[in-house]
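Several structures are given next for inspection.
Both complexes below contain subunit A, partnered by subunit B and then by subunit C.
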Partner chain A sequence: MRRELHAEWTKTRTAPGTAWLLSAVVVLTAAASAAVAATVSCPETGCDQDVARLGLAGVQAGQAAVAVLAVLAVSGEYGTGMIATTFAAVPRRGRVLAAKAAVLTGLTLAAGTVAVLASVLAARLILPGNGFTAADGHPPPSLSDGPTLRAAAGTVLYLALIALLSLGAATVLRDSATAAGVVCGLLYVLPLVPLMIGDPGLRRLLWQAAPANAGLAIQTTTHLDDLPIGPWEGLGVAAAWAAAALLGAWLLLRIRDVRA
Partner chain B sequence: MTDHRTGGRDGFRRLVRAEWTKFRTVRGWVAGMAVAVTLVVALGLLSASGSHASCGMNGVETACTLTAGPGGEAVSDRFFFVHRRLDGDGSLTVRVNSMTGQIRLPDAVPGTRRVVAGVVPWAKAGIMVKDGVRQGASYAAVMVTARHGVRMQHDFTGDVAGTPGGVSPGSPRWLRLTRSGGTLTGYESVDGRRWTVVGTARPAALPATVEAGMFVASPGDLTVSRGDLGGASVQVRFTEATAVFDQVRVEGRAGGTWSHDDVGVAYEADGRTPHHPGRFAEAGGTFTITGVGDIAPSAEGTRIESTLTGLVAGLIAVIVVAVSFVTAEQRRGLIRTTFLAAPRRGRVVAAKALVVGAVAFAAGLAAAGVTVPVGAGILRANGNAVLPVSTLTELRVVAGAAMLTAAVAVLALACGVLLRRGAAAVTAVVGLVVVPHILATASVLPLGVAQWLLRLTPAAGFAAQQSVPEYAQVLGYYSPQGGYYPLPPLAGLAVLCGYAALAAVLAVVRTSRRDA
Partner chain C sequence: MHATIEVIGLRKRYGRTLALDGMSFTVLPGRVTGFVGPNGAGKSTTMRVILGLDTADEGSALIGGRPYRSLRAPLRQVGALLDAAALQPSRTARNHLLWLAHSQGLGARRVDEVIDQVGLGAVARRRAGGFSLGMRQRLGIAAALLGDPPVLMLDEPVNGLDPEGIVWIRGLLRALAAEGRAVLVSSHLMSEMQDMADHLVVAGRGRVVADTSVAGLIAAASDGRVTLRTTARPEAMEVLARAGARVAVQDRDTLTVFGLAAERIVALLGANDVPFSEVAAHRASLEEAYMELTRDAVEFRATAPGDETATS
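Up next is the complex of A and B:
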């Protein structure tokens, strides 16, 4: 397995887009978090905001860069035909997928950690100026606080799961544009579908099933009882999506020819 | 087929035909467009069929109904009217001496009414001629308001400002309304001697015999509170206004005596007791009238464009197709053959943009053309009060959705040329168009940020689907979540088209200079 890992790492390291996309994960997440922190305010009369969730809101933007990184890791090879060479060198295709997943997970965890730390730092600097002070019962997010630490660490894990979900989807679909479209739909449009449903039970079920809704429940630190799904259960839903995508990818790699 | 020029109009026409042939022969692209149409229609009809409403009337559930004004739009028409018959031309003059009232504030202790003295900005007191006392009937009126000065209004949507300032016993205001044929002229005066014209109006359907008299109305007070998981909850609370009129003079063929109607009053469950009634008293030519409600266009109801919720999903499919239309050719190397056949590369990009834009327009037109009328029908069948709009507006909403789809397709194609990588281009365009719209309409962003997103990003183009305009004379919470875009339909579309055009120009320049 070391050989495969080394090969995938070399490919990823030398691909022109990788550094850009990893920077984009950090910059988009931190900038969007800072922008949200700068625009919300807590009036004198009090507010009901979840400070941890506000400070980490930028992940909504950063996850798009993670998805592109993951999609390009596999459909880049399909696009150029390089995939045939890869499978000629490593005929056990499952190992290629596993190595790709491992490299991608490592990179995403690293970039995600930097992005989340930068977001929390930005929130700590900006939120007190907008009325979120410890005196009002809204201390700025601090990683020494248990639920906030869970929200921050969970957000990093969430990004890694989105990367794996995108990797699986790209392997199944092979075309990079289609894969990016499907992942964007899952991340941004699927969370809207519950809003279109009249039946409360079905709406709740769909909310729980959407990877972006359920997965980001991990960021919630207040009013946990009002959430349709618990924080870790929600992250479990995102993990199930990632696992299903990877399983589908593995099965299709085994039974399908390299090129359609 | 002997002409081998690549320049000129013929050359471009041939290029367009070549690109069209490429598009229609790739199964995936045609299927992608079909998926886009299906998503818009299916999600739209799903959301329409999931939306049920019923309105209670005396304990009996009925379909929600709207009052329609003379122009067909939904209106609210509730006020206290002290009136008499007026045949033909004539005029009515009054002096408004004071305007007071009360406002119910949000309960501090749940269940305990908290009422304070005061008038809301658009509380109205004045004189009116109206086609009877039926709700929604044509009218013209001149009035003083609490905070918006003297106004001349007619047929719910017409509104002209007079001089600013309210009334008080120390500084009363004289009002006069004169009818001459179909034209009504409103005057105001501070002393009853020097009159200035506020405005003239030609109400749509004023018969020879009208009801003329004094009225008072007071719209509900509005409070907006932000929700935790996004959205805002808007609360409208009871208010009433009381005005004192004297120096009442009617000129012309006035008939009957003064009678009064609480126009549009709602009743309690017993069907007899009026809910928040108005009242009036007369003593020695002085009329004291208390009214509740508003005479204005109304946006209480479901909009036809709410059936287009699936558009964001459909747009993603269109973006994927438009990006692939260029990146697939780059990847397979076919682009080199294309450029060999047509060395003026900029024209190839232009031809591709034209083809993908036209196909996307057709797809958007088909999707919205089915979804809007069918979805609105389903909404009505489910008891929802769908805000009526003119056929022209409905056509504009459908055509706007098609224009939006076409412009997004051109933008996506250009980004595909510029970024070369399908995944990056698709995500970039989704991030530029779809995500800002979702953030602005379905998230926790504050109102100001949401509005700026819809002014500055290509998502401004979604304004093309707004069917009900904002009215300056109605205090409301005009937020993107409620379906109000900060830019007018055409301006929003222009912002999106600007982005698409800029990207297309960059793509043409880039293609001409870069190696294939």
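Up next is the complex of A and C:
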């Protein structure tokens, strides 16, 4: 696997989009988190907000950059025809997929960590000005708090799972636009569907099944009992989506002819 | 390893199109094998199957006796140029070769060697997307040479090259074959094979229609006609007819002789004191031989209205 990893790392390193997209992950996440923190306020009468979730809300924006990075890692090769060169160099196609997954996971974990730390920092700077102070009993998020640390670390893991889900989907679909559309549908449209369903049982089930809804349950630190799914179970749902996408990708790579 | 490519009974169907219909041939080391045939004859598909990119419905393709997909560092066994445009345009030429080298456990030094070998040194750090077709072909050839492989396979490498580039690639491929490598070069134009290939595999409609040396192919297509120019036409006709030849009059002083070798005609005329100015055995050109072979294999051909069997 060393050669395959080295090759994929070199490819990723020398693709001009990589640095931009990794910066976008950090900037979009931190900026959106800061914007959300700036718009909420805790009045004198008290408030019931989940400050950890608020402070990490920007991941909703940052995940789009993660998805694009992952989609381009494979559909960029299909679009140009370079995929034939790749599979001629490494005919064991499962290894190419594994190497791409490893490189993407590493980069996403790194960028995600920076993004999450920047978001928490922004929240800690902004929220006290809006009434969230320890004195009022609503301290801003702190990583020394167990549930907040779980929310922050879980958000980084969530981004890595979105990268793997996107990589799998793009390998199955091959076309950049189609893959980006499908992944954005999963991340931004599917979470809206439960809101349109009247039946509470079905609504709960759909909420539990959507990767973005369930996966981001990891950010919740208050009122855990009201959640349709537990934080780690929710992240497990996102992991199952990623695993299913990668499995489908691996199976199709084995049987399909390499056509751009 | 033995530097050979063995293609054994490949069959492949895409939907309703039968792309390969029992394609079989062997590429031996030490010579350039031309793989020619009209567009749609199955040349590229055969090469894709050899590289494990497409899977054949039947048959097998082996490199040195092993399937491509089982090779550990395949670019060290087979260097291939299928599509010179198959790269990401935003990456520099050198970086494109660098990730390929890393995938085979090779380093940057080898990359710089092949860049110099194909003459791209001055533009190696420029984006490959801005390259002309000829420069991309050179980059593709650099990629094929990267692993110093005993087998080389190039699909239409002359496409888009200027005359200087064509001469260069001809010399390069001949030199690689002279080093004992097996070289397979495809083209839809037989004229490109002149002075390049030692051996020819002619494909048509998904199978091999001729597998022969260049000289053999020309001999097979030549029909033994001899053109004779003489001022003593009646005498010449009489002498040759007596020797058993069939003679046709072309014009006032030109005859076409069938059934006698040129040497025999010269001897007969000389012995009978018949004057002549020219005796020329007709030899088919490589192009004619090719047209003859692939006449039934051309898929799209101009057909005169009302004449189903017309040839272009």
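Here is the rule we use: the second predicted complex is superposed on the first by the 259 of 260 C-alpha atoms of A that agree within 3 Å, B and C clash if a C-alpha of one lies under 4 Å from a C-alpha of the other, contacts with A are read in each partner's own complex, and residues count from 1 in each chain.
The criterion applied here is as follows: contacts are C-beta pairs under 8 Å (C-beta built on N, C-alpha and C of every residue); 3 or more make two chains touch, one makes a residue touch a chain.
Treat the numbers as computed from the prediction; the structure is a model and nothing was measured.
Novice: With the two structures overlaid on subunit A, would subunit B and subunit C clash, or do they fit side by side?
Specialist: Partners fit side by side after overlay.
Novice: After superposing on chain A, what angle in degrees do the C-alpha centres of subunit B and subunit C form at the C-alpha centre of subunit A, to the nearest 10?
Specialist: Angle at the centre of subunit A: 110 degrees.
Novice: After the superposition on A, what does A:Asp225 contact: first (subunit B), second (subunit C), both or neither?
Specialist: Neither partner.
Novice: Contact-wise, after the overlay, does A:Glu77 reach subunit B, subunit C, both or neither (first, second, both, neither)?
Specialist: After superposition on chain A, A:Glu77 lies in contact with subunit C alone.
Novice: Examine A:Thr14 and indicate which partner it touches, taking first as subunit B and second as subunit C; both and neither are also allowed.
Specialist: In the superposed model, A:Thr14 contacts subunit C only, not subunit B.
Novice: State whether A:Ala89 touches subunit B only (first), subunit C only (second), both chains, or neither.
Specialist: second
Novice: Pick one for A:Thr39: touches subunit B only (first), subunit C only (second), both, or neither.
Specialist: In the superposition, A:Thr39 touches subunit B alone.
Novice: In the superposed model, does subunit B or subunit C contact more residues of subunit A?
Specialist: After superposing on chain A, more of subunit A is contacted by B.
Novice: Counting only touches as set out at the top, which of subunit B and subunit C does A:His6 meet: first, second, both, neither?
Specialist: Only subunit C; A:His6 stays clear of subunit B.
Novice: In the superposed arrangement, does A:Tyr188 touch subunit B (first), subunit C (second), both or neither?
Specialist: first
Novice: Please work out how little space separates the C-alpha atoms of subunit B and subunit C at their nearest point after superposition, in whole Å.
Specialist: Minimum C-alpha separation, subunit B to subunit C, in the superposed model is 9 Å.
Novice: Show me the subunit A residues, by the header's touch rule, that subunit B contacts in one structure and subunit C contacts in the other.
Specialist: 17, 76, 80
Novice: Considering the complex alone, what residue numbers of subunit B touch subunit A?
Specialist: By the definition above, subunit B touches subunit A via 28, 32, 43, 46-47, 49-52, 226, 228-229, 309-310, 312-313, 316-317, 319-320, 323-324, 327-328, 331, 416, 421-427, 430-431, 434-435, 438-439, 442, 444-446, 448-449.
Novice: Help me check something: in the complex, which residues belonging to subunit A touch subunit B?
Specialist: The contact residues of subunit A facing subunit B are 17, 35-36, 39-41, 47-50, 57, 60-61, 64-65, 67-68, 71-72, 75-76, 79-80, 170, 175-181, 184-185, 188-189, 192-193, 195-199, 223, 226.
Novice: Any idea which subunit A residues touch subunit C in the complex?
Specialist: Touching subunit C: residues 3-4, 6-11, 14-17, 76-77, 80-82, 84-92, 255, 257-258, 260 of subunit A.
Novice: How about subunit C: which of its residues touch subunit A in the complex?
Specialist: For this pair, the touching residues of subunit C are 48, 51-55, 68-69, 71, 73-75, 80, 82-83, 85-92, 95, 98-100, 102-105, 143.
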